[in-house]
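Look at the two complexes coming up: subunit A is in both, with subunit B in one and subunit C in the other.
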Partner chain A sequence: RGLAAGPEMHFGFQTVTEAERREKIYQVFESVAKKYDVMNDSMTLGIHRVWKDILVHKMNPSPGTLLLDVAGGTGDIAFRFINYVRSVRERQLQRKLRHHQNLSWQEIAESYQEDKSKSLGGSQVVVCDINKEMLKVGKEKAQNLGYTEGLSWVLGNAEELPFDDDKFDVYTIAFGIRNVTRIDLALQEAYRVLKPGGRFLCLEFSHVSNPLLSSLYDLYSFQVIPVLGEVIAGDWKSYQYLVESIRRFPPQEELKAMIEDAGFLKVDYQNLNLGIVAIHSGFKL
Partner chain B sequence: GAAMLRGGTAVLRRAASGGGHGQGSAQPLEPSLLRFLVCPLSKRPLRYEEATNELINEELGIAYPIIDGIPNMIPEAARTTQKKPPAEGSKEP
Partner chain C sequence: KMAAAAAGSLRRAGWRLHLTLLASLSVLRCQLSVPQRALQASAVLRRVSDEQHKEPLASSSQQHFDSHPTDQQPEQEPQGPRPSSTGQGGQESEDYESEEQLQHRILTAALEFVPEHGWTAEAIAEGAKTLGLSAASAGMFRNDGSELILHFVSQCNTKLTELLEQEQKQVQLGEAEKKPLDQFLRDAVEARLRMLIPYIEKWPQALSVLLLPHNIPASLSLLTSMIDDIWHYAGDQSTDFNWYTRRAVLTGVYNTTELVMMQDSSPDFEDTWRFLENRVTDAMNMGNTANKVQSTGEALVQGLMGAAVTVSNAETRR
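And now, the complex of A and B:
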């Protein structure tokens, strides 16, 4: 198996060919899809929710924004985006209503019809993921939670996006870029599909430089997480891969350089929890 | 907390009639998606074929399936289409 032709790549700490890596990663997410959310909560003690909230707040989308959420399988970012623009829209409408206090009901009703009648103000999010199982989970979640408007699902490859040029206002990839085999291609595609002026946002595990925290983090990662994986999801190996893939992923400055190589400008990053997680941002200008 | 997943299995059914919201078992493509979707290989526009519920790239002669309302835009999943005679349907430039 190890004699297949092709460049050698890492799958966690193993060395594999590119084709093997894609296959193994697909299998990891196929295996964990149904327990994905539970595992996220257990492994991060619920903190992943805060990280994702911070990402969307940083995005600060206004109603009418078109978001492409890549590797967004189970919909966490998409749902937060919808909630955010919905509340912004509500506040907008309330403000309008207050200013119309001296008008008749007829006039007020008319002013409502002038705006986009939908509560999202024309905002839309497309969730793109390479894994069928993850998308299935996401779509079911959306139905159960009542998200119907402004949300679509596409099975696609971040390295080869099925979207036209210059289409989206924002591109997000949350805890997904680590699993992409050719990160450079994914970044190029991100640049291509964004409108001029559009923003790239990446939320991903990163590098902890503080030595004490780093030791504690290593201990937790290698001793606790795979055990949780086995106990909760019956899958030690997938979570072993997760932990290893985090260690293999480029640190903040290196990822920043890669994003700049793709053409993005004003590239910056923000560490969360001392670098356990980082949000990288760039613009297509 | 964990989302409660209903054990419903999605039934594969081709959409016989277009339009409407795809909440039932027949799941047509979300119409707004056609604004954005192109062939991942050529980045060229696609034609939605209602009869087979596929997105067709006429130039390359490939069709991407739509399953449970989700278009599968992975090139490996696409099937090659037979070249149809010009009499069938209009060709758009």
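And now, the complex of A and C:
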């Protein structure tokens, strides 16, 4: 909320105008896009994969779910969603087959045909990102990994989504909301595009209250990460921004209040790794 | 920003907390200026509710709501909270009804899907869909279906209580005979167990979920209150038993009969009802035995006391 108070905003620990901030953030992600995944692995020692797995498990999507993954860039959440739905769908079909023991050959042949067209059970994920470079990397990854169906890539701004109202079952934003300039607008847009009963999930770096862990975390963040950034991605400044933006982001309770202000109900959060990361969840009821 | 905070806090509090809202209104009054955020949010909600308008004003929580917005009217533009009070129906009536009430509605709708999907999040998702909500709202509940089962048990208990209440009224009005205790207990337990019949295939799964540590407090309390209810309606006849043994005995009868019912394949569960009849008869006899044991015990004690007095007298006389 405090961000929109005036023309002055924060970009990491600097103070800039709203327009400047958007521009700078765009440039950050433009430059890190190609090395985004590699950097994630090295900074978090691979733990970010676990965080994203936990997010999708918490979502527990059923086949037929429509997911909007905002700031989804390189597609990590989207791919996990597809894998999850595929395995749930397989289990469902197996259960159905078990109940239908006395099928004729005709019926069995039909059921196999059905399977081919509905391996995802109608689930779809739309990956939306404001940054063209990130989307490009994501599309390439999808091709390399063999994800062909149920996936679409849209260029869009979280503060002004190019979608109709009441469209999606689940809205996720993983490690993206920190970079949104007007968080309140993004939350309102999330509320708008979700169906009634839809779920908002936000995975983001948050505040560590444990003092010991907090000092270790600070040490690691400010001393190690920018160095890794320089060595691996050739970009010290972007990773300095990353670390600073984490410190400037509202803590768990404040973000929870902001989500409630956008109209979500049953808002709750779950700390991962003692608060290094938190998953916030809310429902449009 | 204060207005936004106010609107947000109103929604957060839920209409259950109307009393605290009344108290805090005096503080909120000064802080309410032009509630642009409130306008925007309730405009969205109103739009959705226009499409699906069910029974918005019938719910009891409407009263709660009316008690305070009248205070707020002078401060806010008429469009302020008014839309959220009158313009919302259907599933947006959670702003009238509390989130809990919506959850109950979803769980009730989900029961229809239990025979097919079991007591699972899938059944809850299907239930939510019939109410026009996204399947994602099943995320409000645990994945193991605990809330669904507890909701069902609580519903059955309520139905049983209503049934017993009706029967009692009939007896009071002289329309029916007062049943002897064993008949009463048998009928009550049978009526309660019959409610499981539509879900009998998936009930063993439900029983195992109810035994999970995090569910035991709730399931135990539901069980004991049901048993207490039956004893309450059993009336004066129940003074044959001691209060503690009453609960234990009937709980034992109920639980064992329930387990037998899981395995019963006889037509209309007649084996189960015969088992029940035998257990209730045992329970009645046990009561007599207990009394006998007690009086025998008393007699014994008196005899011993007498013997002790005799001996001590003999001693002193010596």
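Definition applied: the second predicted complex is superposed on the first by the 273 of 285 C-alpha atoms of A that agree within 3 Å, B and C clash if a C-alpha of one lies under 4 Å from a C-alpha of the other, contacts with A are read in each partner's own complex, and residues count from 1 in each chain.
To be clear about the criterion, a residue touches a chain if its C-beta (ideal position, glycine included) is under 8 Å from a C-beta of that chain, and two chains touch if they have at least 3 such contacts.
The structure displayed is predicted, hence computed values, not measured ones.
Asks: Sharing subunit A, do subunit B and subunit C clash or fit in the superposition?
Replies: Here the two partners, once superposed via subunit A, fit next to each other without clashing.
Asks: Could you tell me if A:135 is touching subunit B, subunit C, both of them or neither one (first, second, both, neither)?
Replies: first
Asks: Output check: A:172 vs subunit B and subunit C. Expected answer is one of first, second, both, neither. What do you get?
Replies: Neither partner.
Asks: Figure out whether A:221 sits in contact with subunit B (first) or subunit C (second), or with both, or with neither.
Replies: A:221: touches no partner chain.
Asks: For A:41, decide between first (touching subunit B), second (touching subunit C), both and neither.
Replies: first
Asks: Figure out whether A:245 sits in contact with subunit B (first) or subunit C (second), or with both, or with neither.
Replies: Touch partners of A:245: none, neither subunit B nor subunit C.
Asks: Here's one for you: vertex at subunit A, rays to subunit B and subunit C, all C-alpha centres; what's the angle to the nearest 10 degrees?
Replies: Rounded to the nearest ten degrees, it is 120.
Asks: May I ask you to decide whether A:17 touches subunit B, subunit C, both, or neither, giving the answer as first, second, both or neither?
Replies: Touch partners of A:17: none, neither subunit B nor subunit C.
Asks: Tell me which partner A:206 touches in the superposition: subunit B (first), subunit C (second), both or neither.
Replies: neither
Asks: Where does A:266 make contact in the superposed view: on subunit B (first), on subunit C (second), on both, or on neither?
Replies: Once the two structures are laid over each other on A, A:266 reaches subunit C alone.
Asks: By how many Å are the closest C-alpha atoms of subunit B and subunit C apart after the superposition?
Replies: Nearest C-alpha atoms of the two chains are 14 Å apart.
Asks: Find the residues of subunit A that appear in the contact set with subunit B and again in the contact set with subunit C.
Replies: 165
Asks: For a test of understanding, state which residues of subunit A touch subunit B in their complex under the given definition.
Replies: Residue positions touching the partner: 34, 37-38, 41, 124, 126, 130, 132, 135-137, 139-141, 143-145, 148, 152-157, 160-165, 167-168.
Asks: Of all residues in subunit A, which touch subunit C in the complex?
Replies: 1, 58-62, 64-65, 165-166, 169-170, 188, 191-192, 194-199, 257, 260-263, 265-266, 281, 283, 285
Asks: Subunit A touches which residues of subunit B in the complex?
Replies: Going through subunit B, the ones touching subunit A are 1-6, 8, 10, 21, 23, 30, 32-33, 35-41, 43, 45, 64, 68-75, 77.
Asks: Residue numbers of subunit C touching subunit A in their complex, please.
Replies: 1, 4-5, 7-8, 11-12, 37, 40-41, 44-45, 47-48, 91-92, 94, 99, 102, 121-122, 125, 128, 131-140, 143
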